[in-house]
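Both of the next two complexes hold subunit A, though its partner changes from subunit B to subunit C.
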Partner chain A sequence: MADRMAQRMGRPGRNTQNLLTRQPMTLPSFTLLAQSIVAGIFTGALYGLLGLGLSLSWGMLRQINLAHFALAFLGAYLTYQLASYGGVDPLLTLLMIVPVFFVLGVAMHWMLARFRATPFNSLLITFGLTIIIEAMLQWIWTADYRRLDSSYAEHKLRLGPLFLPLPELITLGLSVGISLVIWLALRRTDLGKAMRAAAEDAPIAAAFGINHQALALMLSGLSAALAGIAGVCIALGHTLAPSQIYSWIGVVFACVMLGGLGRPMGPLIAGCIIGVSEAVTMAVTAPSWAPLVSFSLLIAVLLARPGRA
Partner chain B sequence: MTIDRRTFLAALSAAGAGALASGNALAQGKPSGEPIKVGGTLALTGPFAATGLVHKVTGEIYVENLNKRGGLLGRPVEWVLKDDQSKPDVARTLYEQLITSDKVDLLIGPYATGNILSAMGVAQRYGKTIVHHTFGIPKLAKYDQQFPAWHFGPNPERTTPATVFDMMAASANPPKTIAVVTSKFPSVHFVSLGARQVAKQRGLQEVLFLEWDFGNRDFGPIAGRIKEADPDFIWTGALGLEGNQLLDAMKKIDYQPRNHFYHFPAPGPMVKAPEANGALSVTIFESHPPFTDDPVAAEFVKEFRARATKANMPDTSVDTQAAASFSAWQIIEAAVTATKGLDDKAMAEWLRGNKVKTIQGVLRFNEAGNFGDDLNRVKQVQDGKWLTVWPKEWAAPGATLKTS
Partner chain C sequence: MRKSISLVVLAGLLLAVVPYLGLPAFYESVLYMVFHWIALATSWNLLSGYSGYFSFGHGAFFGIGMYTTATLASQFDVPFLWTLPAAAAMAALFGAVLGFVAFRVKAVRGELFALLTLAATFVVATIVLNTPIDGGPGVYLSAVPLPDIGPSPSGTFYLLALAAALLTIVIAVLVYYARFGTGLFAIHDDEDVAEVLGVPTFRYKVAAFALSCGLAGVVGGIQAMFVSYVTTGDVFTIALPLTVVLMSVLGGTRHWIGPAVGAVVITLLLYGFTAGDSAVMGKVVMGVILVAVILFMPEGILGWVMHRFGRKPAAAAASNPRPPSAIDGNAREAAAPMAGAPSAPGGRSGGGEVLLKARGVSKSFRGVQALRGVDLEVRRGEILGLLGPNGSGKSTFINVASGHFPASSGSIVFAGREVAGISAHRIARCGISRTYQIPRPFAHLTVLENVALPAMFGAGLVERRQAETEAWRWLAFTGLAERAHALPDDLNLHQRKFLEFARALAAHPQLLMLDEVLSGLTPSEIDEAVALIQRIRAQGTTILFVEHVMRAVMALCDRIVVFNQGQVLAEGPPAEVMARPDVVAAYLGKPMSGEAPPPASGAAAHA
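Entry: the complex of A and B
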């Protein structure tokens, strides 16, 4: 089949047989391979954006914030609502969502700090919050699928044989830009250095006059704001349903673990590696193999570098 | 098993005459006495909740109208509804509760194959008859007192593709090549595998076969492979949103499939997507004539639209899910009316030997798994509407299959 298809497309083809799935393993054309890599990078950018806030709160605040995914979907639904019924440009909703989510993040950290939640307890508490937010989303928007109809979805750039959809380009731009800014801020600014010091050893940092509690509140606010930004990107390119909160957890956790906790560029790079590996797997062999590839990658990295997380 | 004409007509009068009357038009007096409790669960929360709401609204409409018409056996009907959270294990526990604690008289099934299987196991343990809404894998229906309301025959993996390929063969552009791409979700996967076999028997050349895990998020590479194979016809085993996701991915690479079929798409989102124009799927009911020539169906469509609008549901039309749900209630009413009692075994025996007229058509329960005829028809998205196009006697007025 692949030979015949390849001949039809004017290039040599070669078939092998995948014994487990009995689906032909096809050498993809350059266009298919390149488009799949591009799609993988776009997907990875969203993984990275979703993982960034999670990585920061886990690595620097020692909080495993499962509610991060629920907050992202809350942001997506708010974008849908404001854009669909309020006539607001989806990107302009960021002006409202970022500050509101910052406050939400601060409040969440205040609550967790108030009860001195350990990392494991923070996982349980934020799981509870996720359930509450999911129920709220379903109550307000029902469980039906919602899709944001925006002009962005109609635009795409063409680069030779490749297509670059605008919503995905926006997500990639935001993900790369924000990751870089946070990476630079943590390395080059006094505030960033103070945050890193507080994350490393809060009592010693306090001895040097760093208000680690205020910094923790700020960092938690930033993480929640990042969830809101990821939500805007989800709304731009995906159909929404409350239960979809959970479909992102596994792969984004893998990105965070692969990328290293508290490292701003880590989730983006890991997300792109996972996204591209999944996309290329789907282009070459059975798409159902894609999740195996990404999680095998995670296990291999953790075995090779056990101290990664 | 044979069914004589007299029995059939008795069933028709039991189900049809009772169900025909809506509102106060043919009110048979106010029901009195101890309510007859019909117990069931629905996925009111969790991933199946969108469809669960369709079944809830349908059940409320039916029970209200039933009570206005005099209830069952002159007694009012009370629907004891619980939320199974889209989880089979929760459904199992709740059906135990319904039987042992709530002591319901009759059972009506949940929605979704996994949850129905759980409920079926409990019903079997207590010898209860259960009528259920949309069960996707007939070969798993082993219990002889379970009755499916969604009729696509005992072998949908053969009959459903045959219906679709018959239609395409009779079209202006009969396909020569086919791509079968499918989710591995059980309800659609086995039918897609059947479609491969039927396509082969029909001489269609398979140029692509792909499977993905349910929950796949990235359809870009799958769309790319379809574009390269460029088949005349795509059979897509896509559950829920997957159909939209694939269409969206194909649009992003500027590929418009010529003829494309989706098994179990989310009908609301698909009909609203501009790129879905021409998409095909199967249905047992649509909100247009000749389905709505039946006054019971017409009244239900009207009432459902009003309630769905009030419930803020984005899709307010009646299609497969709502019609199967309505049919389940019609089956229960017919069995109780005909047997003049609430005996589970008597009802089951009567159902296996008789036919029931419902809004999706006349149902019989005398083949494997108590399934009967395959009542699937084919519908197509045309200018933002689902219109039935095959078989021709069920086509919407003026609608014809559009192929390219």
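Entry: the complex of A and C
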């Protein structure tokens, strides 16, 4: 019954941990430390990719989109389904996921804008959407853990003593590439400049002939498409369960806040900082201490520099 | 208020009979969950609903309560009931400390506060998980003896949860009707204004947070015993705070009973679905309800009901719905001689004692020097006009003197007391009151409540009933009595400006600072406002008057001070000052070489 809802909230199932042989409270070897840092960067890249869409819609549209995580898992499950039963290459699913999620994002923004939701109400509404999507996932794919067995998972590059698994490398590449492209687009293109102007002051931007409503729809579609891409990456490297949606929220929000709202490179950089500090914490102490790092960082940022928001 | 509490207690007593009716234990368990969620949602609402600081950390405080009980009962053999006060104390202490840190940072509001409290949940969870408090495997309480309160174990839990729910609701009612609650609702609408009107916002927020957390701690303690096995994974979830938020928002956060209504609806709904083996459907329904409520019923069930059946805010229902009979037609005359007002000192020279003395007051915003060493005196009983071009620092001076911004340096002595650097609510209690250039009424309080608030928190610190009696007087004084039960949004600009007046006056100020009260008014409205200001002065209130409408300045002011670029440029009788070439230059720019400065009689300079 009601308290069954309370049986959630683990930590993300990270398989990068498997690479480490943990010996709590002893000084880790150089290799172990280096491997933790690499693992941390890989995790951080996914944090950054997940955080990117969130940061853009929070910073530029003033919407706090909890459903971003649910969308990412929807993307992950779709990838899982298509790859496991349809034999589609996980990366090819992007061709389908990106446009579909773009439309989903546009629709969601249309609803939020139609009812003039305040930032806080957008948080509550998208939480409602998250519950609905989670229930849908559970209905279709059950609450059991699922794991995508793709050909990518078997490939591991070796760089000296370090292992670099291919799915993680793909995630890192996508995350860095997309963040850079969006950063450049916002700075250099007319469309990007118009978006930044509209985010700064929509009525004034409108007075200069910028159709800020259309831009907002586009941005929100982009944000949802990013959730879909992050979903593919989650499917490549992580175990899936509907309840896992919630386990990402805290740490990704920490990245978003730490990176500064609406800054495309922010989540990636902050994600790597948090990812590495978590991984090193895991290597030096025990894995269960990891959340302390990210959330203490978040609290420190909120208290020391609340103006970033 | 008495009626509400008696009704709640009566309902509680009736419900307390249930375990003795011999119903199947199943009913008791269902009702246990209902009471559990009522207590949690209502306790959350004490801070978050009333003051608008949505906490997502309720899981942490609930969890601290759970673990306090679990640890004390299982490891130290403390009797279960004795662990409950300890659970409350631990949770309240943690809430108070977190609040003390978080509320120091002004910008941590809204979604940032929500995130901060959410992050605190995970920090607590990690610490509990990795220390002997839990250590990983969880804590069992199955060996802890349960006191025989009810006729059966399930009956005992039923009664405990009922008691917790009752306690929480009674506290929620008490706070709702007390000065404390009024202050929290004002913080919800406009925290800065609340502080300037005398609400000790910091203290109130910390107190409400501690109270809210403490109650959640008690509920956690009971729940620990109920589930008899406590693990961090089950306790510190994001689902708990979100469920609590959902219940409160659904019921209506602006009323003490709202969260309870929401809790009953959601718990029974969820139960209906899980019992029918459609837990997934239950989730979908919960999600749909949340989305629909926010979109279509943002004020919750109770807000909707109140709108539907005549908007009568419960706070006002407890007091005077109509003006006291003494004050009606000739109220203006009745109001004038109140407070044993010494009438204005003779003549327009205003040579009274110094009421406010500013020395070397500076204020800089990062690089911008808004005030550079302002020296200024306001004498008791006078109307001092503060003039100057836009951006010369007039409004900044009012903001600094009222404590809205702290001064960067300098001293302001008011009635013999240094007020620079003390918090705004204490300045308000010293007897300084102000209006805002753009009216900033509390949007969710009626006009009457808006005006009663400063009387409750200002220099007088009177009780609600008396404050409302006074509010009626000020509403009559400003001509707003007919709109007393309207919401500020329903007033026109002219009325909103007068509401600002009434609110500032209700604090019984010795010094009233008016920040461009006439801007945007029509000429006839200006005449009315000028007459009003004259009536205010006639009661002995000293007025500091920032204005651009020269006609009014000339008609009202005994003395004027002209600011330019954050400094005092000139000071003296109005006509004399306005004729000075440097004052004219500050307003109109330097005259062209060879031309004589334009004749600047008071009537002509309508800047």
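Simple rule for what comes next: the second predicted complex is superposed on the first by the 285 of 309 C-alpha atoms of A that agree within 3 Å, B and C clash if a C-alpha of one lies under 4 Å from a C-alpha of the other, contacts with A are read in each partner's own complex, and residues count from 1 in each chain.
Heads up, the rule we're going with is that a contact is a pair of C-beta atoms (placed from the backbone, for glycine too) under 8 Å apart; a residue touches a chain by one contact, two chains touch by 3 or more.
Not measured: the values here are computed from a predicted model.
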item	value
Combined model on subunit A: subunit C and subunit B, fit or clash	clash
Which of subunit B and subunit C A:A241 touches, first, second, both or neither	first
Which superposed partner A:P291 touches (first subunit B, second subunit C, both, neither)	both
First (subunit B), second (subunit C), both or neither touched by A:L32	first
Touching partner for A:A135 - first (subunit B), second (subunit C), both, neither	both
Touching partner for A:G40 - first (subunit B), second (subunit C), both, neither	first
Subunit C collision site on subunit B, chosen from 21-29, 93-101 or 165-173, when both complexes are overlaid on chain A	93-101
Common ground on subunit A, meaning residues reached by subunit C in one complex and by subunit B in the other	1, 4-5, 9, 135, 138, 286, 288, 290-291
Subunit B - residues contacting subunit A, complex	45-47, 49-50, 52-53, 86, 184, 206-213, 215-218, 220-222, 224-225, 227-229, 240-241, 244-245, 249, 252-254, 266, 268-269, 272-273, 311-315
Contact set on subunit A toward subunit C in their complex	1-10, 64, 111, 115, 117, 119-121, 123-125, 127-132, 134-136, 138-139, 246, 249-250, 253-254, 257, 286, 288-292, 295-296, 298-299, 302-303, 306-307, 309
Subunit A partner contacts - residues on subunit C that touch it in the complex	30, 33, 37, 54, 101-102, 105-108, 110-112, 114-116, 118-120, 122-123, 125-127, 129-130, 136, 227, 233-240, 242-243, 245-246, 249, 266-267, 270-271, 274-275, 279-281, 283-284, 286-291, 294-295, 298
Residues of subunit A that touch subunit B when the two form their complex	1, 4-5, 9, 21, 23, 26, 28-29, 31-32, 35-36, 38-40, 42-43, 135, 138, 142-147, 156, 163, 165, 168, 239, 241-243, 247-248, 251, 275, 278-280, 282-283, 286-288, 290-291
